[in-house]
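In what comes next, subunit A is part of two complexes: it sits with subunit B in the first one and with subunit C in the second one.
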Partner chain A sequence: MTQNIFNVLTQRFGADTILYYEQTSFDPYIIINPEDIQSICMYLRYNPELKLSFFLNLSGVDYPDREQITLVYHIYSMALKTTCVLKTSVSREFPELESIESVWKAAGWFEREIYDLLGVSFINHSNLKRILLPEDWKGHPLRKDYREEPVYHDMETTRNNLLETNR
Partner chain B sequence: MKENSITFDKGLVISTMDDVINWMRKSSIWYLLFGTACCAIELMQTGGPRTDLDRIGSVFRSTPRQADLIIVAGTVTYKMAERISLLYHQMAEPKYVLSMGSCANCGGLFQRSYSVLKGIDKVIPVDVYVPGCPPRPEALMEGFLEIQKIMMEENFLKTKGIQR
Partner chain C sequence: MERSGNADLKHLKPQIAPFREEMILNMGPQHPSTHGVLNFLIVTDGEVIHQALPNVGYLHRGFEKLAEQTPYTTFIPYTDRIDYLAAMFGNHAYVLAVEKLAEIEVPGRAEFLRVIVCELNRIASHLISTGALALDIGATTPFVHWIRERECINDIMEAICGARLTYNYMRIGGVSRDINESIADQILKFLDHFEPMIDEYNRLISFNEIFIKRLANVAVISQIDAVNFGLVGPNLRGSGIEMDIRKIMPYSVYDRFDFDVPFGEGFKGTLGDSYDRYFVRILEIKESCSIVRQALSKLPKGNIKAKVKRKLKIKENECYSSVESARGEMGMYLVSDGTDKPYRLKIKTGSFTAMSIVEKVSQRLMVADLIAFIGSLDVVAPEIDR
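For the complex of A and B:
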């Protein structure tokens, strides 16, 4: 089914935008160009054949060796019971991407979470601020090179290991 | 209360004021209705019929102004730690803190996490630590009995206030 979605998307957007299709046993995925994410999602949602109208999940993965942050979009069709997984990568230094809040309003909260934990900024987002961590938090904890600061608001962030201190 | 009291016939007891005050206080430990994670479920169990907290006079109060004891039941994040500190400072003296479960004691399972406080004793002074993940109701009851022991050693009239 994802193969079919891939074909439809390639026909509509061309091979420059829809880059690659990977057939895996569990969740086959389509790799796309990050610049067109909003229009692709809009197309998938309102396409009468695909009917991928239900936004399931948006998550992010940090790949420091590739200097990339990959965003994974899970979209589901309630009518046809099919899943579509879209993957797109942005650079680690300047992670920037179009928001899909205009397609699915609920995606805005997922984008805020990814902004909070991975530091990806979403263009045209209505309320892009931290959702889980305190607003004065420094850094983005789900990046692999994140190190916790020794003190936060006069609270120590480390504790002595009793097994080591009592040896 | 047995050490400092003399019992006569016909139910007459002579004791010190401190002991009587402490004895009354320990028989009505009102704890703050407050839980931060899954340990709070076990805290509810302790209030249930099997290990009934009510039988030692402990009932929960939903305002810190009326509470004697705060039970930190569960994982504490930095965001929550500031609120807990605020609640603790709103309580009237004398006040006691019971740290319940591994997470409140030392961070426990989430000790390597970026957002979890590594032990509530980094923020507020703790009187009794109850280990376990989560502690069984019997263990929490034991913690309450320890709090009662601490309460019986208080000396209010001499010091005109709290001094530990």
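For the complex of A and C:
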């Protein structure tokens, strides 16, 4: 089924935008160009044959060795009863791409979470600010090279190992 | 500790109309009807809500980061704490994802045991949800009735796995303990006692005129909004959309049971109102009872755990697997990299998306109706923040 979606997308957007189709994974996925994420999602949602109307999940994965942050979109079609997985990567240094809040409202909060924990900025997001962590928190914890600050508002964030100190 | 409160107030200021007296109220984080530590910033003129902004994150424990530092088998107890009212589903979603990645075959008996405990847990969770909703809007008695019934389920769970709330029952490749004849009898006895209680409860509160007036036509979520905001579970079905992960992407052995998926029909008012979401849960309790009976009668003999290496290493791959938790779809996106720890685990929960719709639907509600609305959404704070 994802093969079919891949063919439809390649026909509509061309091979420059729809880059690659990975079959060997447990959930086959399509790799796309980050610049066109919004228009591709819009197309997938309102295409009368695909009807990928339900937004399931948005996750971000940090790959420091590739210098990339990968965003994974899981979308479900209630009409076809199938899941479509889209993947796109942005650079770690300037992570920025178009928000898809205008396509699915549900994506808005997921994008805020990714912004909070991985530091990816979403353009045209209505309310892009931290959601789970305090506003004045430093850093993005889900990045692989994240180190917690030793002190936060006069509170120490590390504790001695009691087993070691009582020995 | 200063949270994002100040920034929110700045954001709200330009929207305050000069000709009307408005105030900004903090509801929570220590408010009894927010079901945990939740905060709402409410712009109101005293009775009608002009805007209610949910402020979440008080219970963020960073499970996704913890998962990256914990071996696969050791992370199971953490998943209990994602949603403490329905801990089995966190267990189930996680072990399903790991089993899918590591290609582990689960014995039939273990699959049936998982279904039994999950459905019992769904009943327990819906009892709290429907009871607490009645409690929130002023009816104390129904809550006490449901807590009494839930206590029986807690006793059963304690007999099965030794814990009453955070079970840590499932293992990668099976479950931790088998059930014997006496526990099976205990479950059947409970169901025989409990099923008539549902009708009694309905007579007590579900069809009570005041209760209906408090919920019917309040906080209506249209089908378009429900899909757009990604609502899942009873909240989505309350708006009349028949979507249940157990039916559309059957996992475990759910395809072998005969059960219905109840959905809202505008039982006492408009389709998608608070009463629909409430009553869908009552109907689901009945279906769960039927599934538990079927599973007990079909329970096969055999092993309860597949042979799995103690130090589980999974080669580079990824998968997404989801279960129908008591609060809707709970999904786990798991990426492995060949070591004994996940490279990345993303947990998607039903309460998270349910909270995002509050800002839209709560406009022009009465303050008292906001309580009924949040109660009917059945959000659990630790599940939002993870």
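Rule of thumb we're sticking to: the second predicted complex is superposed on the first by the 165 of 167 C-alpha atoms of A that agree within 3 Å, B and C clash if a C-alpha of one lies under 4 Å from a C-alpha of the other, contacts with A are read in each partner's own complex, and residues count from 1 in each chain.
Convention: a contact is a pair of C-beta atoms (placed from the backbone, for glycine too) under 8 Å apart; a residue touches a chain by one contact, two chains touch by 3 or more.
Note that the structure is predicted; figures quoted are calculated from it, not measured.
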{"item": "First, second, both or neither for A:Arg159, with subunit B first and subunit C second", "value": "first"}
{"item": "Which superposed partner A:Val90 touches (first subunit B, second subunit C, both, neither)", "value": "neither"}
{"item": "Touched partner set for A:Ile69, first subunit B, second subunit C, both or neither", "value": "neither"}
{"item": "Winner by number of subunit A residues touched, once subunit B and subunit C are compared", "value": "C"}
{"item": "Touching partner for A:Pro134 - first (subunit B), second (subunit C), both, neither", "value": "both"}
{"item": "First (subunit B), second (subunit C), both or neither touched by A:Ile30", "value": "neither"}
{"item": "Subunit B/subunit C common contact set on subunit A", "value": "132-134, 141, 153"}
{"item": "Partner subunit B, residues of subunit A touching it in the complex", "value": "132-134, 141, 146, 148, 152-153, 155-159"}
{"item": "Interfacial residue positions of subunit C with respect to subunit A in the complex", "value": "1-4, 6-7, 56-57, 60, 62, 64-65, 100-101, 225, 227-230, 241, 243, 248-249, 317-320, 322, 329, 331, 333, 335, 343-344, 346, 348, 352-353, 355-357, 360, 385-386"}
{"item": "Subunit A - residues contacting subunit C, complex", "value": "25-27, 53-57, 59-62, 72, 74, 78, 81, 83, 85, 104-109, 117, 129-136, 141-142, 153"}
{"item": "Touching residues on subunit B, where the partner in the complex is subunit A", "value": "78-79, 81-82, 106-107, 111, 114-115, 117-119, 122-123"}
